[in-house]
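Multiple structures are listed underneath, in structure tokens.
Heads up, the next two complexes both have chain A, just with different partners, chain B and then chain C.
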Partner chain A sequence: MSGAASVAGNLPVASTGRFGAVVKPIVWLVAAVVLVEAIVVVFGIRSYYLPRPSVIASTIMATPGAYLAGLWRTFLETVLGFVAGSLFGVVMAVVFHRWVLLREMFFPLFVVSQTIPVIAFGAVVVLWFGNTLLAKAVISFYISFLPVTVNTLLGFSAVDPRQVQLMRSFGADDAQILRRLYLPAALPQLFVALKLASSLALVGAIVGEWFGDTTGLGVLLLQAMYNENVAGIWATIVVSACLGMGLYGVVAFAERRIVFWGGEQ
Partner chain B sequence: MTASISSDSARQISRGIGGALLVAVVWELCARGLDLPAYVLPAISSILAGLANDAGSLLAAARFTATESLAGYAIGCLAGMAAAVLVTMVPSARSVVVPLATAINSVPVVAYSPLVLLWFGIGMASKVVMVAIAVSFTIFLSTIAGLDRVDRKSVDLLRSFGAGRLAVLWRLRLPTALPLIIAGMRVSTVRSVIVAIVTEMLGAYGGLGWVIYQAVLQVDFVKVWAAIIVASAISLAFFGAISFVERRYVFWR
Partner chain C sequence: MTLVEGYFHGAHAGAGGLANGRAPTRGKVVPGTVPEQDAADERPLIELRQISKTFGAVKALQDLEVSIRPGELVTVVGPSGCGKSTLFNILAGLEEPDPGNILRLKGVSSTASDLLGKVSFMPQRDLLLPWRNVIDNAILALEVEGMPRAEARRLAMDMLPEFGLAGFEAQYPNQLSGGMRQRVALMRTFLFKRDLMLLDEPFGALDALTRTMMQRWLLDVWQKHKRTVLFITHDVDEAIFLGDRVLVMTARPGRIKLEQAVDLPRPRKADIVTSPEFIALKKTLLEAIEEESMKSFQVAGR
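After this line comes the complex of A and B, so read on.
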């Protein structure tokens, strides 16, 4: 099996396949950019509505430092919040799974808190933690842990009780059953939530910056809006889009590597 | 059996209420006992008093925000489903549209809001557009996923009985997809209220987001919390309504 795979890997056909998978989206992207550029020029769309892609690119290139600094700052906030939120989410799911009383007492509150427009807390959180990187990470954390908890619990509930009994009859303790049975079983659902949480965490970080900060993509957005600098808004949208797709891509890549047995789709 | 189920759910409900009460009491004791200033954490009792005080203006703001979210939600759901059905009918468009939608969906929606505000002004229209954008992508992706779940053999069977593409869509694909579609709709309810509030914070003539923003500027944190409670009540009611419809009409899932 592995021998066949390595032989296939040496064949030129396989490498062109991978090459094509990388190149094809780029070709499409370039084509789309050229098309938009042509449409804007041909129909004479005012730059107030849609600036030419080349103008957006040159806006970024004019002050690349500002965009890079904003990207780095927002990236840090998002990743801190996302990682903390995901870990906390899984831990809460394990706790709720282990102690039914706690679940019945507090899980409804978790669900209710999911319906709270968390962004409304932004002002309060910034007040609690000061105008720091930590405050934005906390908002990202709060936004991202709930879906993780809900989906991990969903994954746990799909475990066949007979498998638990089987492992127990072989003398496995709770920790072993958790590590070898429940967590792997929950992985496909967990990754669905992680993909959602990665984009939610980014939203939390950007909106958190609106409550006062000096660097970050959210700040760049606000500044461009107040100056009615449409090219600046688009430039920031493009940079945030790259960040959002990058985060999503990393999680999706990890999903394909870790949940190799398929799962969702 | 039914008796044990109902006593089970009665226990769950009472424990749920117990948990909520416990949190409320701890909150109240922390705020009062530690004598925390209102900008750190106002006591629950003073938030409720503030809620009663500002009931009129909060209600008006709530109506504003609810109208925006509902209008945007309706537009977004219809647009998302229509686009998904169209893409399923034209298979050649799929390989371009679906990766594109997934990519756009991973872009933070709030990044568009300054642009939408400049385009549509700071009235209601900009919020409706923002909510519609946010909702339509979620609905589009879940509808596509739902329409794809159909068993190939069932399609072939229907086709062999002479069913056209539309009949297959109406009798087979849509009923199969409905559970996923409505799950997407349930998630989107909360999202629509959040997006409306966030956009209001950037600029509006009214609404809960605007109230929150003004209250923050005036350092009136009791009012911020009161507005947060009203906002969660709206999304909870919205969420509950869609969940009710889901349980009532999508009985075959």
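After this line comes the complex of A and C, so read on.
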């Protein structure tokens, strides 16, 4: 146990205390890593099934450039798809809210579009857009807009009709009511969807890379798999997890700053 | 239904002397004067006649007649479900009465939707926006009108002390007590300067002590700003204490059952509620309301 702890002490993730506010989760993370390390060692789990965290860390440190390049590429694809998907999601929610006929006509199509497995869709996207960053961003976009639309509509429907009447009695037109009432009121719901969409967009980007590319976390994952490089697979998983948590953290941080009033209506 | 015409509160509205239905009123200038439509010169700010409203099988209002003169504070009481809120929604321009009605604003016949944006309306709940602080909630209507934010905020800042909100401008609604939230909502209504203010049980959700404080405060503010107010309430004391006239509505379908002038001198002190005149008024009104409540109770029980 003490040996495992000393190994964990050498891990790069052990650099605690840099952000006062996030010390606690980091301590827990380190504890979890140490625990996994201990379990792997104590139970003699073969590295084929689960390499020791220290091995995973040293795999990353062996070729940090490859992981950083992959991280950056996948990050760009994800963010592009996420931002575009979120904007499109909100715009479609506004359109569906404003024109009920359009909602009745097209909203079912939206839902159906999400039942097509993204893998099946991915091949077509790569055919259309080639092996470009854009192609992956499109897959991210495709996979992330629906929760945004659905939740924004949910937020709109939760607006108190008396509030709308009050705005009308002030002589407000539809655009003013949308900007001053519906959109802010939907923010709490919207952020729930954005957190979900940020994770989905990452999935979209990684899956998109499987259809062919030269850099990216998805590519690293495939390469490691073909080479039966188990430590490499796990290293990519860890980097992807960091990216996912980072994106989620940014959205959650924005949520705390923007939706300071919580769900109170 | 005869209007009680003998009483007119001379301290406001600029209509000097007694307003007698026939007598021409001299020197009365309504800004943005509209052509005279009929001979009646003591022109009500707003006049409703033969107002009915049916929702499916339910007749909420039937042949309701109300007329409000400029500067008056008219209170409306009635049993619950008597269509008070429907009346308010019509006056706020949110609902159209059944066809065949007469609705005149400053003597010009109008539809209810013409009233949209012409009446400042305060619903029962404060309906403050949780993401706006006190000052920005108060200026909501001004913003909708297109006034620049900085200017609107300046106007509102000047009004804060009067509404007992000085120093609270940057607070958010969830940091305020019920009474303060209600004052913010009232301030929003006051800042939306319109000829008619509609207040729908604004103090209904407050505790008794806060409510009396708010009533006295409202009278102060009203006398200073000289606004025409229609005030809905459940509370007979409140109706008498505040009003120039009290309208009692019948059980559904709502009509005006009784129109009672309140001749108590202003400014009214808190202890006026124990004066014999007040008690006598209360007795008359309570009897009328009681009768209607029993009626609606029996209808419900059948």
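Note that the second predicted complex is superposed on the first by the 242 of 265 C-alpha atoms of A that agree within 3 Å, B and C clash if a C-alpha of one lies under 4 Å from a C-alpha of the other, contacts with A are read in each partner's own complex, and residues count from 1 in each chain.
Note that in this section a residue touches a chain if its C-beta (ideal position, glycine included) is under 8 Å from a C-beta of that chain, and two chains touch if they have at least 3 such contacts.
If you're wondering where the values come from, they're calculated on a predicted model, not measured in any experiment.
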item	value
Touched partner set for A:V112, first chain B, second chain C, both or neither	first
Partner chain in contact with A:L87 - chain B first, chain C second, else both or neither	neither
First (chain B), second (chain C), both or neither touched by A:W234	first
Touching partner for A:I39 - first (chain B), second (chain C), both, neither	neither
First, second, both or neither for A:L127, with chain B first and chain C second	first
Partner chain(s) touched by A:L101 [first = chain B, second = chain C, both, neither]	first
Of chain C and chain B, partner touching more chain A residues	B
Partner chain in contact with A:G244 - chain B first, chain C second, else both or neither	first
Shared chain A surface residues [contacts with chain B and with chain C]	265
Residues on chain B engaged by chain A in the complex (per definition of touch)	11-12, 15-16, 18-20, 22-23, 39-40, 96, 99, 102-112, 114-115, 117-119, 145, 189-190, 193-194, 197-198, 201-202, 208-209, 212, 216, 221, 224-225, 227-228, 231-232, 235-236, 239
Residue ranges of chain A touching chain C (in the complex, touch as defined)	160, 162-163, 165-172, 176, 180-181, 184-185, 187, 259-262, 264-265
In the complex with chain A, residue positions of chain C that touch it	89, 92-94, 116-117, 119-121, 123, 125, 127, 129-131, 140-141, 143-145, 172-174, 192
Interfacial residue positions of chain A with respect to chain B in the complex	25, 28, 48-49, 101, 104-109, 112, 114-121, 123-124, 127-128, 198-199, 202-203, 206-207, 210-211, 217, 221-222, 224-225, 228, 230, 233-234, 236-237, 240-241, 244-245, 247-248, 265
